[in-house]
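Consider the two complexes below, in which chain A is the common component and chain B and chain C are the respective partners.
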Partner chain A sequence: MKKNHVSIERLPLRPRGKSANARFGKLDIVLFIILLVYAIIIIFPFYNAFLISVSPEYVYNETPLLLWPRDLTIASYTSVFQNENLWSGFRITMVLLVLGTAYQMFFTIITGYALSRSNWFGKNFLMNMILVTMFFGGGLIPYYYLITSLNLHDKIWVMIIPGAIDTFNMLLMRNYFQSLPKELEESARIDGANDIQIFVKVYLPLALPMIATVGLFFAVGNWNSWYNAMLFIKTPSLWPLQFVLRNLIITGSSNIEGTITSPETYSQGLVMASIFFTIVPMMCFYPFLQRFFIKGIVVGAIKG
Partner chain B sequence: MEKKKLLLITPTLLALLLPAMLLSSCDGSAKEDEYDGDKLIVSLRNLYFDAWSGGDNYTDYIENNFKLKLGLSNYSWADWTTQVNGAINGNNVEDVFHFNLDSYNFASTYEYWVEGEIIKALPEDMSAWPHIQSLLANTSNIDALTIDGKMYGIPIAKNIKNPETTFAPFTYVYRRDWARDLGVYQENDVYTWEQFNALIHAFNLRLQNDPNMVAAIGDVEWGFPSVTNFYKDSPHCFTKNSSDEVVSNFHSAKYVEGLNVAKDMVARQYYYQNQYSSKDGEMNKRYAAQKLGILYENLSYTNYNKLRTDYIRNYPAVDVDDATAIMKVKGPDGKFALEGTENWFSMTFFDAEISDNKQKKVLDLMDWLLSEDGTRFAMYGIEGYDYDMINNEPVLKDVDEYKNKTNGAKYLRYMTTLGYDTLSYDPLVNQDSLTIVNDWTAEMSEARENNQMRIFEEDPEVRWLSSPLKNQHSGRMLSNANSYVTQYAFNNLTNIEAYYSQLNRDPWESVLAEINAKLG
Partner chain C sequence: MDNVLIAKKQSRAHDLKKKVGRSKFLILLGLPAVAFYFIFCYIPMYGILMAFTYYYPKRGILGSLFTSFVGFKNFDTIFKDPYFWQVLGNTVFIGLGKIIISFVAALLVALLLNEIRMRMFKKSVQIIVTFPHFLSWVVVAGFVNLFFVTDGAINGVIQLFGGQPIDFLRNGPFFITLLFGSDIWKEAGWGSIIYLATMAGISPELYEAADIDGATRLQKIWHITLPSIRPTAILLLILSVGGILSAGFDQIFNLYNPLVYNVADILDTYIYRSQFNDNVNAGVTTAIGLFKSVVSFILVLSVDRIAKLSGERGII
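Moving on, here comes the complex of A and B:
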């Protein structure tokens, strides 16, 4: 039976005819315009926020939708950089980022690995118990009681300990470990490696793309976390950056009584400068990890 | 076989253990007093717009004098409700805490907390705390807060110096200088209804010659449409008709008459067209950028002072008094119209589990903070260190240096009274702004005494009434009605039938029937 084979040579690489040598076809131009508009929609709020952060109040008051910079000032940034609460929030967030991410990674990786191994007693039961938490939560009040009984109120650990395992990330890890050949384990075992050696020396190095991806998920989650702080942290010096920012935005955006700004600054300018203060570190970090991020997601999604 | 057994036993054990674990922290008994040395430990959490947790010299001074160790923290404005409800439901509330309470969440919080023994009643005999006693005596609608003869918190007074001031400073500021230029200015900023309309019309014409200006008038977002104030009888859901029957304010002929005036003003483009979608604070910004001729706003000292400060900073050449003049408008009935309000804002509560001793010690502290000595300490700090008494008046040694200090007593006093009563004492308050606001208040109080002012408010009997349907629906009904009002004014609901039709999607009839039945 003759195969329905199509020769690669016969496929035109570019449309022939009048525009055969043109770099872009009409469709490309349409796509380019659509994507350009989309890019503007994405980028403009950042641009506008940046302009507000470097504009004096009277310029912003005239129109909040600034298109071009005018009478630039760095007063808002000066004020933000002098704001002890933001720096304190930054320090706490860095602790969460380093300590929290390491802690979460440790538990997620070992759980994912254990659940990816051949059947052992109680594996399915444990897996189902973990899966249930993905669909059903205990609710706020039991969670509150749990935190109270663990004596975690007003402690930085309340933002770290409860998040040891994220089910979704653990499943990604487990799937990735499952996708690696079982023969590697068998070979290592023949060479005399024990379980821990197999995990550390064989599987862990191979799982680096997924570790980077999950690590990025956790890092971004920790960088953005504020909810536990809102509920359980009373001491302002323990508030993470995002919670400080949230309070600043809400008190700054609404015209509530008691909002105090220095004579050179105004609430919206401060809010926008603070937003940049919080997003710039993550924006700088993200591009370097993006390639792992995409690769890891795709690989982890192959096997369920 | 063993595997099956284990699979059966494990979930059963977990199911048995879980409630036990959860209930282990539900201890209903009173908390034992704890001490740090000779100081009684008290946790206290309230709302303040700056993060503050003590640690200053002034708080230390108070702690030493009152033998208290204060654990201080703040609620954040945005998460106040979540934080308080989370702590209450999680049985982890502070010894003393602060919560927003008004008639619309009275039944679902205050009553519920009393019934659930979550908050502790004040001692029946309050004579040991005369300043608190006086504050309670001057609190409007205090009976509504009394359950079985007991008070379960201390209402936070807006203005204990003038407790009789029960109207809100929700009114207009305007460009007096523009009015003068256009020949429509009225003496002492008092405008009749016709003069007010003529002024708006003149401001609207001014738009043609001022490309920066966008509209004659703008209302603060929650206040739109302010012109209905001159027609309606109630600021909220319910009012009474001539037969003393409780009816819907938003369905009433008076309200709809005012609403039609607003709709007409929107159609003539007198109102700022962004009013429909503006966000919090936007109108203030437009006014502060000289884009509006008139602004309706809550002219509390803080808001008014901010508006003036913005003008002084951004337009130093403009006379700030003329740019932010407070306008006094008489409605079609020839009277000023202002919204009635309670003279208190929220309440300070005591956890039901704290000891009588602890409650008394906190009341001692609060009472002292309300006294002359305590107030001076909160406002001026320590005599000989921060201020000297000159001619029987405290005078700060160095205002700039004092500004940079954190006086924790001021924050603590705020817990008791919201601080508004201390504005006239506070050496850091801008007295120009305060004088203008106080003069306006005095003038309006005089107008009220002379029957020249109409206060529109919901009848307290209705407002504080607790009934199942009202408790369940009235908050949502109010918010929906306000939305339909805006839609009607901006012609998204094109006619009055469409407006009524939207309103009637909420259970007005059954709620009103229940209220009227309960009131007999």
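Moving on, here comes the complex of A and C:
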């Protein structure tokens, strides 16, 4: 298992010996430039969108491709921060983030743990049951009517309950538990530990890195969730942030109820300010959490 | 003789009891999953029966089955509709195109990052290019709209150089290019990680030996790096084939408009609009969904079989 823990940070173990290629050559400069351009292409939309969000309308109209700030204004942000719909969306998203993530973690972890243990009655049944769903499904429409008959329409629970287990994350958890030494269980048993103690006190603490990874995947999923809201939620006060944002972008914010417009605000500026409202939290955390995400996908891909 | 049989039976029952007893805790942990998959995955599979009815929501699935069973009529309706074939064509084109393009893009990014020697630079680039994966398509579509509307940034540049503004978002070929382009922008960095990890696992001795033989860097990439990641690449390609007919609902739904339906409407968006905007009967929309599931399943099975026949590791 340890072998599979290749972290990206430790990668460049290229021989730096005497070979002529090891020196900094033309190719290195080409690589550097290509990657630099690539990174700029990724960053530029954020940069430009940010500048638009802090620029007045006439500046944007003159040059939509803003390269540097001019006549800064915070009018868009003042308006966005007064938008009750966005705050309502923010609150709903926070509920999904906290409750939803905890709920998904609980079921995903216990299922992953159960499937990682050696043969127990029903394990193969469950495993096959899950495998089938990876290759075949009923599709959107039967699912829609299932939610109808479960009476979950227009309730916040519809964005939480059906997400209990994500098969990919569950298999990540299972593979990680499986990679932990079996001897731990045996020795804990000799020391008189029962099943629950073995799970909670022996294996759970050891699986913390993978729990963090899976938790982050769930958290991002909840933060970005809008599809279920579009399908099932008609009450605007129950819409999550991303769905409020979607409506804002599509209708153009000036037509949206709850947006306080003033002569200084304009549609593109408001939309960009709203987008930043939803992505700034992620931008702040991502650089520090990136390695957890990467670990998850790497372990999952190599073992799964 | 009878006694032996009975004894055997008893001992088997006893064994089972013992086995259940021993694994009580694990069974308890597994039960919620059984319930979950049963309710949210298997009941919708049973709902497939809707495809063979004229569906009345009030009567439910069984009710519709008994009172308005139509056999394969829904499928007849679909297959006779030329628009369905157009949508299917769009789906395959976009889905297949994305698989190929994102495969090449991810591989290229991985190679670039693998070859670059400045560690800090490499790390920073990696953080930057993997980030968009975690944005929702709502946000990315917001960016795409911002840049490519008629009075947006790109057209601003075009006009600066004396060109005519282009309506990228309402012009079929441009729109499809935007679909592929924004997909690369969002996912190529993230997609490269798996290849990069596989490249990290390649034994340095291979490169040392190549150095001694006087191989250039490009030769090393071609003869060592690429062959080493082949199994991973093939595995990922097989896995992605099952998603051809999905082609990216979130992306297209957030970007498209009626003017590009003829090139950008895919099965999922078509099902969604038919059901929720055009009031098409749920029997028909379920049938389209069933068609999609069955074809995807067959695709995965056949690609897996082909891969195995040509000596690669399959998935099933």
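The rule is short, and it goes like this: the second predicted complex is superposed on the first by the 255 of 304 C-alpha atoms of A that agree within 3 Å, B and C clash if a C-alpha of one lies under 4 Å from a C-alpha of the other, contacts with A are read in each partner's own complex, and residues count from 1 in each chain.
The definition used in the following text is that a contact is a pair of C-beta atoms (placed from the backbone, for glycine too) under 8 Å apart; a residue touches a chain by one contact, two chains touch by 3 or more.
As the structure is a computational prediction, the values presented were derived from the model and not from experiment.
Trainee: Regarding the shared-chain residue A:C284, is it in contact with chain B (first), chain C (second), both, or neither?
Mentor: neither
Trainee: A:I41 in the overlay: touching chain B, chain C, both, or neither? Say first, second, both or neither.
Mentor: second
Trainee: When the two structures are overlaid on chain A, which partner does A:R246 contact: first (chain B), second (chain C), both, or neither?
Mentor: After superposing on A, A:R246 lies in contact with both chain B and chain C.
Trainee: In the superposed arrangement, does A:Y145 touch chain B (first), chain C (second), both or neither?
Mentor: In the superposed model, A:Y145 contacts both chain B and chain C.
Trainee: Of the two partner chains, chain B (first) and chain C (second), which one does A:D195 touch, if any: first, second, both, or neither?
Mentor: second
Trainee: Which partner does A:F121 reach: the first (chain B), the second (chain C), both, or neither?
Mentor: both
Trainee: Given the superposition on chain A, which partner contacts more residues in chain A: chain B or chain C?
Mentor: C
Trainee: Touch test for A:N85: chain B only (first), chain C only (second), both, or neither?
Mentor: A:N85 contacts chain B only, not chain C.
Trainee: Kindly list the residues of chain A that each of chain B and chain C touches, one partner per complex.
Mentor: Of chain A, residues 61, 64, 121-122, 125, 140-142, 144-146, 148-149, 243, 246 contact chain B in one complex and chain C in the other.
Trainee: Spell out the part of chain A that touches chain C in their complex, as residue ranges.
Mentor: Result: residues 3, 6, 8-15, 17, 19, 21, 24, 27-28, 31-32, 34-36, 38-39, 41-43, 45, 48-49, 52, 61, 63-66, 107, 110-111, 113-115, 117, 120-123, 125-126, 129-130, 133, 135-146, 148-150, 162, 164-165, 170, 195-196, 199, 220, 224, 226-227, 242-243, 245-246, 249, 268, 271-272, 275, 278-279, 282-283, 286-287, 290, 293-294, 297-298, 301-302 of chain A touch chain C.
Trainee: In the complex, go through chain B and note every residue touching chain A.
Mentor: Residues of chain B touching chain A: 3, 6-7, 10, 21-22, 24-26, 45, 48-53, 73-74, 76-79, 82-83, 86-87, 89-92, 212, 220, 279-282, 284-286, 288-289, 291, 300, 302-303, 306, 309-310, 313-315.
Trainee: Give every residue of chain C touching chain A within the complex, in rising order.
Mentor: 16, 19-20, 22-27, 29-30, 32-34, 36-48, 50, 57, 60-61, 109, 112-119, 121-132, 134-136, 138-139, 141-143, 145-147, 151-157, 185, 189-190, 193-194, 196-201, 204, 207-208, 211, 216-217, 232, 236, 242, 250, 254, 268, 271-272, 275, 282, 285-286, 289-290, 292-293, 296-297, 300
Trainee: Would you tell me which residues of chain A are touching chain B in their complex?
Mentor: Touching chain B: residues 57-58, 60-62, 64, 85, 121-122, 125, 140-142, 144-149, 153, 230-231, 234-237, 239, 243, 246-247, 250-251, 253-260, 263, 266-267 of chain A.
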